[in-house]
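Each of the two complexes below includes chain A, the first together with chain B, the second together with chain C.
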Partner chain A sequence: MGAGNRLAGALTFVMPLAALVLIWAVVVPAFQVRPQIFPSVAAVIGAGLAGLRDGSLLTHAATSLARVAIGTVLAVLVAVPLGILMGISRGLSAFLTPLLRFFSVLAGIAWIPIATLWFGYGFGAIVFVIFNAVFFVVVYNTLLGVSTIPMPLRHAAASLGAGRRAMLSDVLLPGALPNIVTGIRTGLGFAWRGLIAAEMIATNVGLGYMLFVARDFYQTEVIVLGMIVIGALWLSIDRLLLAPLERATIERWGLVRA
Partner chain B sequence: MKTLSLKSLSKTYFDLYAGSHHTALHDISLDVPAGEFVAIVGPSGCGKSTILNMVAGFIAPSGGEILVGGEPVRGPGADRGVVFQSFALFPWKTVLENVGFGPKMRGVPKAERDEIARDYLGLVGLAHAADRYPNELSGGMQQRVGVVRALANEPDILLMDEPFASVDAQTRMTLQEELTRIWEDRRPTVVFITHDVPEAVFLANRVVVLSKGRILEQVEVPLARPRVWDRLVEDDAFKSLSNKVLALVRAA
Partner chain C sequence: MNAALVLWSWCLRTSAKWPVLQTLAPFVPVVALWWAVAAWGPFPPAFFPSPMDVVRAFGSLVYRGILPEYLGDSIARLAAGAAVGMALGIPLGLLIGLSRRAYTALWPILLFFQAIGDIAWLPILIIWFGFGMTTMTVIIVYTVLFPVVLNTVLGVRSVRVELYRAAQSLGATPARVLTEVVIPGALPNVITGLRNGLGYGWRALIAAEMIVGTSGIGFLMFDARRAGSVVEIVLGMIVLGILWYIVDAWVLAPIERATGRRWGLVTQ
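Let's look at the complex of A and B:
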């Protein structure tokens, strides 16, 4: 994709969002919507600037991002090896798959109550919720990735002299990578939602907390600011971090599954 | 180069649909001396690919023995290089890395194995494609890489499972000529599986006709080398040998 195309792509992406802001800017004053119901554009910008000035917005956002990053990294570190083990061991896969199915339905906010009992309010409970959101979907996708590697590739490696370690590093891991990336992308989406929910309940800092507390004071401008930051952060992570990772590897190898 | 011996080899599958055992191969005995090119032909379902998969060590025989240089086969190994119908190149490795994979597994240092890989790629006119990924190449080019990847590992025996079945007819003839040229030059021991009779006769020293899991007949191919299609299409000896094998396969 050329630079011109990419610019055009970015424009098509931003245009509808800009249109929405425009409608908002027109509708709120036109109907004299009360600020307790919905804030004006200016009020939200003001809240954003205030949050930036006193540093609170950055603290909330950075805390939320750090929790997601730590939970995700921990989950991927455990999930990928487990998924690969399941991919090469039929018995292990048969035994764990029903559990995986069960827990992947639960993954996310259903864990919040028990997480707060185990870890108390704060960092531990929230990272645990994120871990769960990412873990199950990454295990499942890694397993799927390993099992979709064509048998001749494994045979080829074996007859070229690959032992267990080389089979893992040169065949199973790269072969499962497209699915692993998909799993991380999906899992991060779950994690981000789970994070906001968990922060409303189990902490006193973070974007979810910021939103929830603003409600107690009818600060709709802070609530909407929080919602915008949450959405924008997720889109940036997805488009600036995950999508380029996919382009750099998977598309180059011709492994993208339509 | 080593001798390959199949001794009373058999393979029985349990057929889940029929609920009974199905015998894919009966009592196959075959000797392939070092440096010989043997082609195994037969209609689909005759068990020819099963033989190759057992020699490669991908599946275990139900009875009998496979010996390479007198040693029994117990699984896949670098002494038997395999060229697959589906090419089986690693999509995440460049062409150079694919060809250098066998040497890498033997612990050959990077600079040295890159040089080996470049030499082998030159053999099939693909030196320019070294840094590309397999999905950027045509089917014919991919299979050239598949062949030299197996050769670069210097196996005792080269096993080829319908390697040219999925490329177009024009490319197939070019690949066949390249393969004979390489074989005439280096004389590896080759077992070549195909259902294409002219291909078998063109390439091999000996054609083994397989039918319903048994060896029906073995036909020696004393045609002169180097073999090229331009000459052989008009060659009477080639035509009569092809017709003979074709008649056997059709009767099979």
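Let's look at the complex of A and C:
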């Protein structure tokens, strides 16, 4: 794909969104929508500039991103080795699958009440919620990934004299990688939503908190600004970071199933 | 060692006979461990209740009629939201999937609104509709809608062009192409979308009930948190987990598998 093509692609992606903003810019003054119900485009831009000038918008966004990053990295570091260990044995993985499914259902939001009791309001509780959202999904997917590696591959590696370490680094990990990345993507999707909910309930900084406090003062321009920032951030994380990573992993290491 | 092996083989044999047991068996050691830790007592019981406390709380909440009522409320909300979400999402998905123009115009908007995520809508919905039923319904419809639309579009677009052409050259009208090529071809994806959507919707419901709630399992848990009653929080989590497990593993997954087997296109 050439640079011109990519530019055209980006344009066709942005055009509909621009049209939506245009409709918004026309409809709000035309129907004289009260600012308490829905803000005008100018008010939202004004709120964005004000937030950038006093740095509060950046602080909220950076805090939210840092929480997600820390929770996710911790969860992946623990979940991948655990998932591989469980996946090595078929019996063990079949035994543990219902358990993992049960807990991945509870992922994220359901942990908020107990997390705030155990860790108090603030950083600990939120990172715990994100950790949980990512952890169980990634363990489950890693286990799934390891158990889908065809047995002949493992036998072949073993009979060619692969030791435990070579087996791990050359067979199990690469074989499970596509599933691991898919797990991370799904888990992050849950974690991002969980983060916003947790920040509404349990903290005093972050994008979710920014939205929820603005509600108390009927500052719809700050709410809409927050929603746009949340949407744009997740869209860029998902489309520019996770989706290409997933595609590349599957292309490189994915087992082609007949 | 030998005894353990005998026990293990016995476990495997019985669980092969009754699949339900296979599902339940892994929870036995977890509950046992939980019980042991609670009895050993490194954490105060107010922080870390024992399984018996939770069972007792379950009994008392059922006896007082709170749990069945809240559970009914949550399920009714989810069902209503899912039904509306599907009724809107499937036709919209078919439209966007079939028309190239609608696809270019609407796909980015769909992606963006899906990325905003359900819960971020809560503050402004509270301003619009107040604390109540409408707010929660809108959130769930919103959450279910996007995965259904996005997956329906994917499904429609994954139907191979040859199939359309074959149907058309055999004289099928557009309506018949729709009902006999497009919809069956897209069905596996639609079901997958529904399953994802319900998963997200379920979580959104819990969050919405915590924040706006006046009833429901999410509200039960958050109210318990306010009162500092860990027992009821844990109970709420267990009820949530069991309920979703039943819905997902025993209703949605079999439907998905059956649709995939019946209508799924075998891909190379």
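Note that the second predicted complex is superposed on the first by the 235 of 258 C-alpha atoms of A that agree within 3 Å, B and C clash if a C-alpha of one lies under 4 Å from a C-alpha of the other, contacts with A are read in each partner's own complex, and residues count from 1 in each chain.
In this section, contacts are C-beta pairs under 8 Å (C-beta built on N, C-alpha and C of every residue); 3 or more make two chains touch, one makes a residue touch a chain.
On a predicted model such as this, the values are computed, not experimentally measured, just so you know.
Of the two partner chains placed by superposition, A:F31 touches none, neither chain B nor chain C.
Comparing chain B with chain C, the partner in contact with more residues of chain A is C. With both structures placed on the common chain, the touch criterion links A:R252 to chain B but leaves chain C unconnected. Once the two complexes are overlaid on the shared chain, A:Y121 sits clear of chain B and of chain C alike. Look at A:G91: by the touch rule set out above, it reaches chain C but stays clear of chain B.
Comparing the two interfaces of chain A, the one with chain B and the one with chain C have no residue in common. Across the interface of their complex, chain A is touched by residues 56-58, 75-78, 80-82, 84, 86, 88-93, 101-102, 105-106, 133-136, 149-150, 153 of chain B.
Chain A makes touch with chain C in their complex at residues 12-17, 19-20, 36-37, 91, 94-99, 101-103, 105-114, 116-118, 190, 192-194, 196-197, 200-201, 208, 211-212, 214-215, 218, 220, 223-224, 226-228, 230-232, 234-235, 238-239, 258. By the touch criterion stated above, chain C contacts chain A in their complex at residues 12, 22-27, 30, 47, 104-109, 111-113, 115-124, 126-128, 200, 202-204, 206-207, 210-211, 221-222, 224-225, 228, 230, 233-234, 236-237, 240-242, 244-245, 248-249, 268.
If you check the complex, the residues on chain A that touch chain B are 150, 152-153, 155-163, 166, 170-171, 174-175, 177, 249, 252-255.
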